[in-house]
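Each structure below appears as structure tokens.
The following pair of complexes shares a single chain, chain A, combined with chain B in the former and chain C in the latter.
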Partner chain A sequence: MSSLIRSYGGVLAALFGGLTLLWIIGLIVLPQLNMIQRAFIWEARDGAAQQAGVDLERAYQKIATLDYDIRAAKRDIERGSAPSAAPSPSDPFAVSPGAPSPGGLASSETPDKRIVRLESERTELQGQINPLKERFGRLKIEEAEASGYSIKNFTTMSPLHWRIFGMTIFYAFCVTLLSFLFCYPIAYTIARTQKEIHVAFFMLGIIIPYALNELLRIFAWTMILANEGILNSALDTLGLIDLESGEAIRWLASNGAVFCVLMYTYILFMIFPMYNTIETLDKNQIEAARDLGASTWRIHSRVVIPHAKPGIAVGAIMTFMLSAGSISVPGLVGPGLHPDWFSQIIYRNFFEAGNWNIGAAQSLLLLVACTIFILIVLRFFRVGIQEIAR
Partner chain B sequence: MQGKEIRLQGVSMRFGDFIAVHETDLTIAAGEFFSILGPSGCGKTTILRMISGFLTPTTGQVLIGGKDLTAVGPNKRPTALIFQNLALFPLMSVWENVAFGLEARGIGRRERRKRAEDLLDLVALTEHAGKKPTALSGGQRQRVAIARALAVEPSVLLLDEPLSALDLKLRQHMRAELKQIQRKTGVTFVYITHDQGEALTMSDRIAVMNAGRIEQVAPTSEIYNAPATSFVATFVGEHNVFRGRVEGLENGMAQVNTPLGRLLGMNRDDLKPGEEAMIFVRPERIGLVSQTPTLGNRLQAAVERRDLEGPYLNVFMRAGEHQIVMHMTNAGNNVSDLSGEQSVGFACEDALVLRAGELAGE
Partner chain C sequence: MSMTANTAMAASTPRRGSSIAWSDVLLNIYILIFFLYLFVPLLIMIGAAFNVNSTPSITDWQGFTLDWFTGEVDEETGRVIAKGLPQEDRFLQGLWHSVIIALGVVAIAIPLGLSGALVLTRLQSGSTTFLYTLLISPILTPGIVLGVTTMIFWRDIFSVEAGLFTTMIAHSTFIASYCMLMFMARLQRQDRGLEEAALDLGASNVMVFRRITLPFLRPTILTAAVIGFLQSMENYNTTFFAIGGSWTLVTEIGSRMRFGLTPVINAIGVIFIVITVVAAVAWVFFRKREKG
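And now, the complex of A and B:
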């Protein structure tokens, strides 16, 4: 901070500091706190209050319909003409059990009789409104009393969801591991390439796909993996399978496909940090190890990987968090995949079921799992945060 | 440990269109301290890397201990290389560095530790075994690198300018130490340097290289006293050079006609009259005629500058187009009043006539 003041002067430094603070508070701290708070607020939803609300709503609707019918009958009288054959706009769904509406069958009635009948129906309904209101209010209060701070959002999660949570963490771990195994040789090769132009080509090849929208990139995979997709067609052309007789291999909607696409989607986040650290390794160290008789395996395990540890840790953490939280990949590549990934369940709680608090609780679980993963990785690689920041 | 002989037969190295090392035959005796001396970029490292196995020669064979190892990888050769920048493993402790070669050979941890400590003893670093290399001084790191290379009991130790990163004092100290280690172990040392002082003080024999070619291979004293080519003459030590054409021959000497007159010198290259020649004289062999009246070759030169360098005095003089350097021993009274036109000269036996060729530093 003092160096900031020295280089930019008090006003600018204060501005920078203020903006940073604002950003941290507004975009990180407050939303997180809100989410954590929601996670620990239990919203009781046993359905009784909701049902009462629905009943009340229906009664109001029914009364409005009757009012309409009465007005129509009155108009008929004024005109003195025969009752119109216009069908009653009664809502067939709004019929409450004790009050069957005669609807269009009443065409034989005289308008006067009809008005009397409708009026009596209306009075009866009007009488029901108040008890319904009362019941709804009572249930609401009861519900509000049952709600409040608790860990019920976690404890009431179904065993299936816990299992999905566990599987998602495990899958994300698998993706991270596979991604490392796949990306390490690539990163090493690029880092050891002598000709700048070749490095540029490698990099371009890896970066260009990222110019595409993420959804499109994933969608491209669904085209490759679809039953009538590129991969199956290629196999068909090679004569390995016969598409016509329905031998198509079902690639999509499998965990393998999700793994594969996740790896592809986040490959850059694994390769770049590793490349950056391997690149700084003195080539002579590799040669020295070789000169001392080390096998390729030993050179990597004792010299290259220890040196690249901070990069590997960063890559692993990023890939893990992105995979654990990805919803577009399992959503697009694994439609019909069963069970869902945890992130999809969170998504549904937030945006379909409207259970924000449960969604928040589940997000918090994911956050905690990711944090634990980070700590384990850091411990495992014996790298500190400072080293990573380097 | 026992040193082995190295033999290069018709070895050359080409990178694309560029020939880094021209066809070379060279034999380095077992247990010898052999230096390769040459200016930057002349191909020294390339030769070393062909001996260690990191480069496969474009032509020719590399034989170590009589065995053709041309196609054998560096991890399978009885050589150990000490890199220009040492290339210690910064994440391992000193003893792990030293023991790395043993680890690669599958030797158990306890045994490794013991052998590493013996070697650290040899280079006087016992108490630093547990430190990281970055915690050591330049000279100590140097010795770790030597111990690490010796740990695999190589027959040949290849050193690529290992002292270039050290300051002068330490460099002189390490020279003595290297020489001592070489004597103690009996390993063949191939030492690369562009510092002639280093080569001259440590080596048994020296090869002087220029632009991918070895110009001369000889014991140190011969390299200095009897350089074979104009390049060696000017690269190793200082020389005054006069260009001219051979005019006449008389019992092993050649008379060369130079812009400064006729000069007589030893005809080492057996030049014939009419051939282009260069005549070389060391600055310390030039003297004042007034002090030594018997000098065979004489010149008139004007003193331009005098630099006192402690034990001797450098006198820079001009004679026509030529600058002449004369080293005089500081005898107290002879250095203070030298100025103006002087008659200087040198003995015919101290002058060397060689075929005209490339000079170092041009």
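And now, the complex of A and C:
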């Protein structure tokens, strides 16, 4: 900090320090803490207290309606019934009390009688209010007592959801591993290409699909995998299936389809970091190893891969994190048809069930899984956090 | 250096047996397949944008059309015959939302990233690693978690409902980290002697920053702004959770994809691809010139 102050003076240094602090505290730490706090607060929601609240509310509404009716009846007595008690000759339509009035629901009873009836109804309801209030308060307290800090948000997660969580992590791991295997030869080839123009073409070849929006990459695949899509049409042309008679294979609604599209969508996040590190490798080292009689396998396992470790680590971390946390691919490949992805369960808890705390707990689980993966990768490749993301 | 590498390669070539040539052939075939895998789906998508068929397809070709780009409206009655891009108000509105968000993100993320980079490069203490980890953690956090935390946080603490603003904040959180990495890379190449000299010659601190540091960082600020803007525009996973009832171009594409496929999305895709190709060519050219 002192070096910062020396170069830019107290004011600017304070500004930079302040902005950094604002970013750390306001955008990173506090929101995460807030989520963690929610994850560990259990909201008891069996609905009993809510129902009692609704009942109470309804009773109050009824009383209010009765009050309104009573007031209306009283007004009738003051205004409408008073002249009718002494019918004015100028008003031939006025009816004496007791006489059947034309139309109207309350025609059969006098306002006085009506008031008495309404009053008694009101007293009866008023009597119900207190027990209802008590019950509501009691249930509220019970719920509040059952609520509070606990790990119930995690322990009450259904076995099915745990299995989906496991599957999501497993699939993300497979995507990462396969991406590495598929991308390594490509990254190596591009990094070792000598001719500038070839490098330029290779770079274009990976940048264009990489920079294109992921939804469009997904969209291209849904077109291929759709029931009436390219793949089924191709099989139809080959005579393997008959589309006309409805033999279309349903590719979309499966974990396999999600897996394939995840691969396609996130594979390129593996290439760039690997390419960047392999490119910095002194080519003479490879030649030296070859001249000394190392096999291709040994050159890669002893020279290239050790050098590319930071790049592989970054690629693996990014690919894993993106596939494990993807909502776009599972949400859009055969929407609603295939088994859930963990991200979709989180989404549902937030936006459909309204269980924010459970959703927070599940987000935390996902975050912890990714953090553990990062730590394992860093340990496995023996790279420090400082070396990555460079 | 490349000379020696070339001669070394030339020297070793005769010693390689035919088995190595075979492996080269295999490698080339593999590379071809890999790039086909990358590009064939995109070509299919481009093709379907020009097909009359209202289900995106290239196998069921019903004729060439540009309707999905331009739309077709009956001149006399004003009735929409084919719904193309100009008739899709939500896409245009979404594009507008995306641009607002992305501009806000650039305005927030650049100062934050620059401050973080300056503090980190000048900090000489044991806490650097910790601070660095903290500041790049948003990049390593799944996008949906960022979206969720921002959404809950702003509603719990400031009663701000999810919408364009929360999306802007959520994007800024991690885009600032990318900006910071770019600034750090640049700052590490900075000759600090210049600043010292200016100070010795009596320049004020503010002047040093304005006349030496900022001009040195200007290219990076530009690159970071462009990349940050594009990242915000393209983002789906974070936006999906933080956007609430509103929408951006990308979430709108997503919700249209849920309700069935329409060639209008292909048309948008073609526009995206054209922009991407132009940008990528420009970038590769720029990079080559910078290197050479």
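Odds and ends about this structure:
Criterion: the second predicted complex is superposed on the first by the 273 of 390 C-alpha atoms of A that agree within 3 Å, B and C clash if a C-alpha of one lies under 4 Å from a C-alpha of the other, contacts with A are read in each partner's own complex, and residues count from 1 in each chain.
Definition applied: a residue touches a chain if its C-beta (ideal position, glycine included) is under 8 Å from a C-beta of that chain, and two chains touch if they have at least 3 such contacts.
These numbers were taken from a predicted model, which means no experiment stands behind them.
Legend: residue contacts after superposition of the two complexes on their common chain; A:Leu212 is shown touching chain C, with no touch to chain B.
Contacts of A:Gly293 after superposition on the shared chain: chain B is touched, whereas chain C is not. Of the two partners chain B and chain C, more residues of chain A are touched by C.
Legend: residue contacts after superposition of the two complexes on their common chain; A:Gln285 is shown touching chain B, with no touch to chain C.
Of the two partner chains, neither chain B nor chain C is touched by A:Val377. Of the two partner chains placed by superposition, only chain B is touched by A:Val303; chain C is not.
Overlap of the chain B and chain C contact sets on chain A: residues 284, 287, 290-291. On the side of chain A, the complex with chain C involves touching residues 1, 3-4, 6-12, 15-20, 22-24, 27-32, 34-35, 38, 182, 185-186, 189, 194, 196, 200, 203-209, 211-224, 226, 228-230, 233-234, 264, 268, 283-284, 287, 290-291, 296, 317, 321-322, 324-328, 331-332, 335-336, 343, 346-347, 350, 356, 359-360, 363, 366-367, 370-371, 374, 384-386, 389-390. Per the touch definition, chain A reaches chain B in the complex via residues 282, 284-285, 287-295, 298, 302-303, 306-307.
Residue ranges of chain C in contact with chain A, taken from their complex: 1-2, 4-6, 8-9, 12, 20, 23, 27, 30-31, 34-35, 37-39, 41-42, 44-45, 48, 55-60, 111-112, 114-116, 118-119, 122-124, 129, 131-145, 148-153, 156-157, 169, 172-173, 176, 181, 185, 192, 195, 199, 204-206, 208-209, 213, 230, 234, 236-237, 240-241, 250, 253-254, 257-258, 261, 265-266, 268-269, 272-273, 276-277, 279-281, 283-285, 287-288, 292. For chain B in complex with chain A, the residues that touch the partner chain are 52-54, 73-76, 79-81, 83-85, 87-89, 91-92, 100-101, 103-105, 148-149, 151-152.
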